[in-house]
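Presented sequentially are two complexes of chain A, the first with chain B as partner and the second with chain C.
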Partner chain A sequence: MNLRIIGALVAKDLSLFFRNRFFALITVLGLVVYMVIYFIMPKAVNENLEIGLYAPVVLPAFEQMQEEGLEIEVIESEELLKEGVTEGQYVAGVVLPADIMEDFMSGQKPKISVYFAPDVPEEIRDAVGVLIRELAYQQTGQALTIEITEEILGPDLAGMQIPPRDRMRPLFAVLLIMMETFGMANLISEEVERRTINALLVTPVSVKDLFFAKGITGVSLAFVQAALFMAIIGGMSRQPLIILTALLLGAVLVTGAGFIVAALSKGFMSVLAWGMIILIILFIPAFGIMFPGAVTGWVKAIPSYYLVDTVHRASNFGAGWGDVWYNLVVLLGADLALAWIGIMALRRKLR
Partner chain B sequence: MAHDAIVAEELTYRYGELVAVDGISFNVAEGEILGFLGPNGAGKTTTVKILTGQLKPKGGKATLLGMDVAKNVDKVQGDIGVCFEVTNLYEQMSAIENLRFFARLFGVHSLDAEALLARVGLAGRGKDRVATYSKGMKQRLMVARSLVNRPRVLFLDEPTAGLDPTSSESIRNIILQERERGATVFLTTHDMLEADKLSDRVAFMNQGKIVALDTPHNLKQQHGKRALKAKISTESGGLEDREVILDTPETPGAVQELFAREKVVTIHSEEATLEHIFINITGRGLQG
Partner chain C sequence: MSLKHVGILLGKELWQGPKNFIFVWALVMPIIISLVVSLIFGTLFNEKPKLGVVDEGGSQLVAMAEQLPSVITKEYGSVAEIKQAVESGAVDVGMVLPADFDSSVMQGEETELVTYIWGESLAKNRTILGVTIANLVRELTGQEAPVEIEAITLGDEVSIPWNDRVLPLVVLMAVLLGGLTLPSASVIDEKEKKTLEALVITPASIGDVFIAKGLMGVILSLFMGVVILVLNQAFGTEPALLISVLALGAIMAAEIGLLCGALIKDITTLFAVWKAGGILLFGPAIIYMFPQIPQWIGKLFPTYYFLQPIIAISQGGSGWSDIATNVFILVGLDLILVGVVVFALRRTRQFAV
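And now, the complex of A and B:
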């Protein structure tokens, strides 16, 4: 390999990348937009359960619960309460009957209505039901006759909840990296379609130099953007070395993906089409961060899972090398595999 | 005596079952211009690809400047310049950027890009993006690009195709200047007149084989016929064509008879063209 030649090729590719208005725009815009979204998202976790209450007589026990993580807002009418629940202002709306105290006194069961929005998870419904029974018991002064045992499944993250914007942090960083699949693939595809590659291959440029230069360009573009993003939003305050390593391996991963897309594509539109398919596949694991429990074990077959998981755990929970080494090894393996497949596919196309 | 810059020995190349180059052998001396002619699909481009290191021959050997091309691709490619028929420039870059980029690849640090552009008639347009150039300007820039490393062997594929007469003439002059400098020129073209005018020797390629290789003069002598073309006045006042084949034992008598018996209005000699010779040899035209 010839470093002078590789340097010239990388400089040319970077220059051409930023002269392509589309890719220059999505690169700069992506970086800016993700940062703006990050900074306008809530930076604290709201752990309160907001419940609307319509009650002609507010029970003392309900007032007491305000201080225990519940936000109970008293509503003027049952209709307004229903409206608030429908619009998502409250996770539940509770209606206490006017004669509730009399019912309690006389030992009769009062009839309490609870409204839920259609998308409220089952566990919230159960929790609100339990809560109301608890309040009723507190109000009547009768002791609970059941014994509750708690079991924590998986890591106990109580008190470690992540603010929404920090939950999105690895997602944005990974998305920035993934977007470079398009840029990388387009650079190579244009080189082939416009036959400039033929002009290069009758100079002292070897095929190895060419792939190496393209690889450096792709990795640089993806890595620098993601690292810059993480640095600006303070995402590297914990375990910066691990995060940088993961982002670097992620950048290599998308460069390999870019080679494959370039080998499959003929022109700009097919780069976009194939790139989108690869992007969606690589993006799936990121949903696991946004919506924990939404994705199942099979996502671990997608190499980007190990990137997302590493960045998430290192930046949000301070996971160390001992915690993420397995992820990094798998990611490295996936890098080598994807780069090899991409280079072989491109060599075949060039022939 | 000049050494051979290019030596092809039994070069063979197949695309699957199709034999594109069928055991061809030839040599080109340093400082010589070889016109490489043949119809589409004759194997010219495959031959050039083998000679420039883009393809490895399936059989035989190509030697450039004393080096086996297959074994010394990088070294060989440092000493050659290639001008393609199809435009393949970086269109988002300026002409100067294109030339400087390729100069860097060759390790040339002292390129006077402006002077090179002036040589191909692009003075003052060096900073414009190539995308804004006309086809002719792009073609001239491609020729300039092939010269950035002052190549010892220059491969030119249809360098004047589609150009206006002035641009074509300026490129022909550059080819001759390069020959004067000592460069060997391997010129692939369909333009018989251009090949005739520029080439020291021409090679005819047909169906993967070289069917003739000699100077244009010798080819005409061996395969062509010279003739006198005359227009004579008829009794009715019209004009008729007469032809007398030259270089035969009957020629002197036929010429005498023409002037004695006919009223000759115009007369001129006509030489065989390379195209006629190619058709004579192969039985097919160059365009097909």
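And now, the complex of A and C:
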């Protein structure tokens, strides 16, 4: 392997990339658009059920109920309550009748009116109904004969939930990296189709040099974009070194995948066909981060799982080396395996 | 422009099209995406709290919980299974009902109920599930609710379920994949293989070639738009109006595709344009998905004027008077794009005829 030649090939590929101002501009623009989407997404999670209460009489069970996830605010008049519900200040407005205590004492069932904004989903309406019934049970002193013991599994994020945009951070970064699968595959496929690769190979450039140079170009382009994105959106405020390592290993992974796609393809159309299949497969684990519980254990068979899981845990939970070392080792193994398979397949194709 | 030449070229495109990967991709992908989206957003994006239950003794509580509209109930076979489900976020709360649970609570005995809570579960979901469990136990023991609840809705708007929120994105994908990608990839492919040069030395002009490719994109795009709306049962009450708007959107997609075809030299660059520009085109659909984002931002994107009438007709039951302004803007954008494509063709030396 000749480092000088590799350096020259990388410089050639990168200068070709940046000489095409349009290509360069559009890549930057792509990054900017992803960032804009990130920044306009909600930055906080509202995990409380805000309920307005108009109670002409004092009902301790209702007024003192301030559980985690529930905010009951006492309002001075029914009109103000309706206004608050209409403006979206409260998910529901509860109006207790003035004679509710008399009804309770005489064994009658008082009627409680609950106002909802029109966009409140059916399940929330039902849930508020269940909640009011439970408060009424408590107010009338009906005992519950069960003792509930609770065990929290995983880090308890009550009150400090991860906003959707932060949950999507690994997805954006991984998407940026994975798109380079196409770029890398197309770059090699074009060289093969145009036979410039054969021309290169009659110079002192060896097949190893060529693959190494292409690999470095692919890894650099994928890694720099993803790292830049994560840095700007604040994704590296926790465990930056781990995230950078994961992104670098991810960039190697997609470069290896790009080699395989290039070996399988004959022109851009087949690059698209094969690339799309690989992209969809690699994308599935990111989907599992966005929608927890949506995918089962088999997702661990996909190497990109170890990339998204590491980025997610490090950037959102501050996971350290001790927590993610296994992911990084598996990712490295997958990198080596994919790169080896890709290079072998391409070698066969060039023979 | 010669209609005969355009017809012959269009015939060639239609004959050769099905052998082209992009053509098949534009036909198949929207259908796959639509099916996957309805599966995913019909279930995964459901905001209902999820309750997992392990029933060790045939408790009636499970059947009662399954009938509740406010929670999703899933049953598991063992404590290990439910713990795994809670840890992965498949359910917000998991509870283990002991073998003699029903008889114990009915006899008024103090009974222990073990629950597992997913750490990432929203606080409101925990509260809802907590009171739901308490309510179910009370119902099981025969306690009668001491109040009657009257639900009153203020205003007449309706909440939009996730399935409907995602529909514009799927429609846009269907229209753009065919309408934009097919003409652009086809022109670029011909440029790369130098067959375009061969074509323009025949009696067919470059304009004829572009019109034929654009028409092909419009036909495929319109067809896929209709298919997706039919698949999602979102045809509304004004099918003729809906198809007209879809056709205008398909024309816009094809014009953008032709513009890309005229300006872009190779497929790699087209791909880069898709990477960045695709998000600009899908912007209004993404904004529609998240009501928290100010909806006026959508109006900054050209595809908004195609998408808004489609949503209004298919989901809001709107008629011509409600969408007329946006349709006129869409027609205006289509006409401007025609001018831009012609200008781009004239400016591009490669196509000078």
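What to note about this one:
As a working rule, the second predicted complex is superposed on the first by the 239 of 351 C-alpha atoms of A that agree within 3 Å, B and C clash if a C-alpha of one lies under 4 Å from a C-alpha of the other, contacts with A are read in each partner's own complex, and residues count from 1 in each chain.
In the analysis below, a contact is a pair of C-beta atoms (placed from the backbone, for glycine too) under 8 Å apart; a residue touches a chain by one contact, two chains touch by 3 or more.
Everything numeric in this text was worked out from a predicted model, so none of it was measured.
When both complexes are overlaid on chain A, the residue A:195 reaches chain B alone and has no touch with chain C.
In the superposed pair of complexes, A:4 makes contact with chain B only, with no contact to chain C. In the superposition on chain A, contact of A:115 is made with chain C only, not with chain B.
By the document's definition of touching, of the two partners only chain B reaches A:16; chain C does not. When the two complexes are overlaid on their common chain A, residue A:85 makes contact with chain C while staying clear of chain B. Once the two complexes are laid over each other on the shared chain, residue contacts for A:133 go to chain C alone; chain B is not touched. Put chain B and chain C next to each other and count what each touches on chain A; the higher total goes to C. With both structures placed on the common chain, the touch criterion links A:203 to chain B but leaves chain C unconnected.
Residue overlap on chain A between its contacts with chain B in one complex and with chain C in the other: 20. Interface residues of chain C, counted against chain A in their complex, comprise 20-22, 25, 40, 44-45, 47-50, 68-71, 83, 85-91, 104-105, 108-128, 130-135, 137-138, 141, 143, 145-161, 189, 264, 267-269, 271-273, 275-277, 279-280, 286, 290-293, 297.
Touching chain A in their complex are the following residues of chain B: 52-54, 73-74, 77-78, 80, 82, 84, 86, 88-93, 97, 101-102, 104-107, 145, 155. Those residues of chain A whose C-beta lies close enough to touch chain B in the complex are 4-5, 8-9, 12, 15-16, 19-20, 194-196, 198-206.
Those residues of chain A whose C-beta lies close enough to touch chain C in the complex are 20, 22-23, 26-27, 29-30, 33-34, 37, 40-42, 45, 47-49, 67-70, 82, 85-86, 104, 109-127, 129-134, 136-137, 139-140, 142, 144-159, 161-162, 179, 182-183, 186-187, 190, 268-270, 272-273, 276, 291-294, 296.
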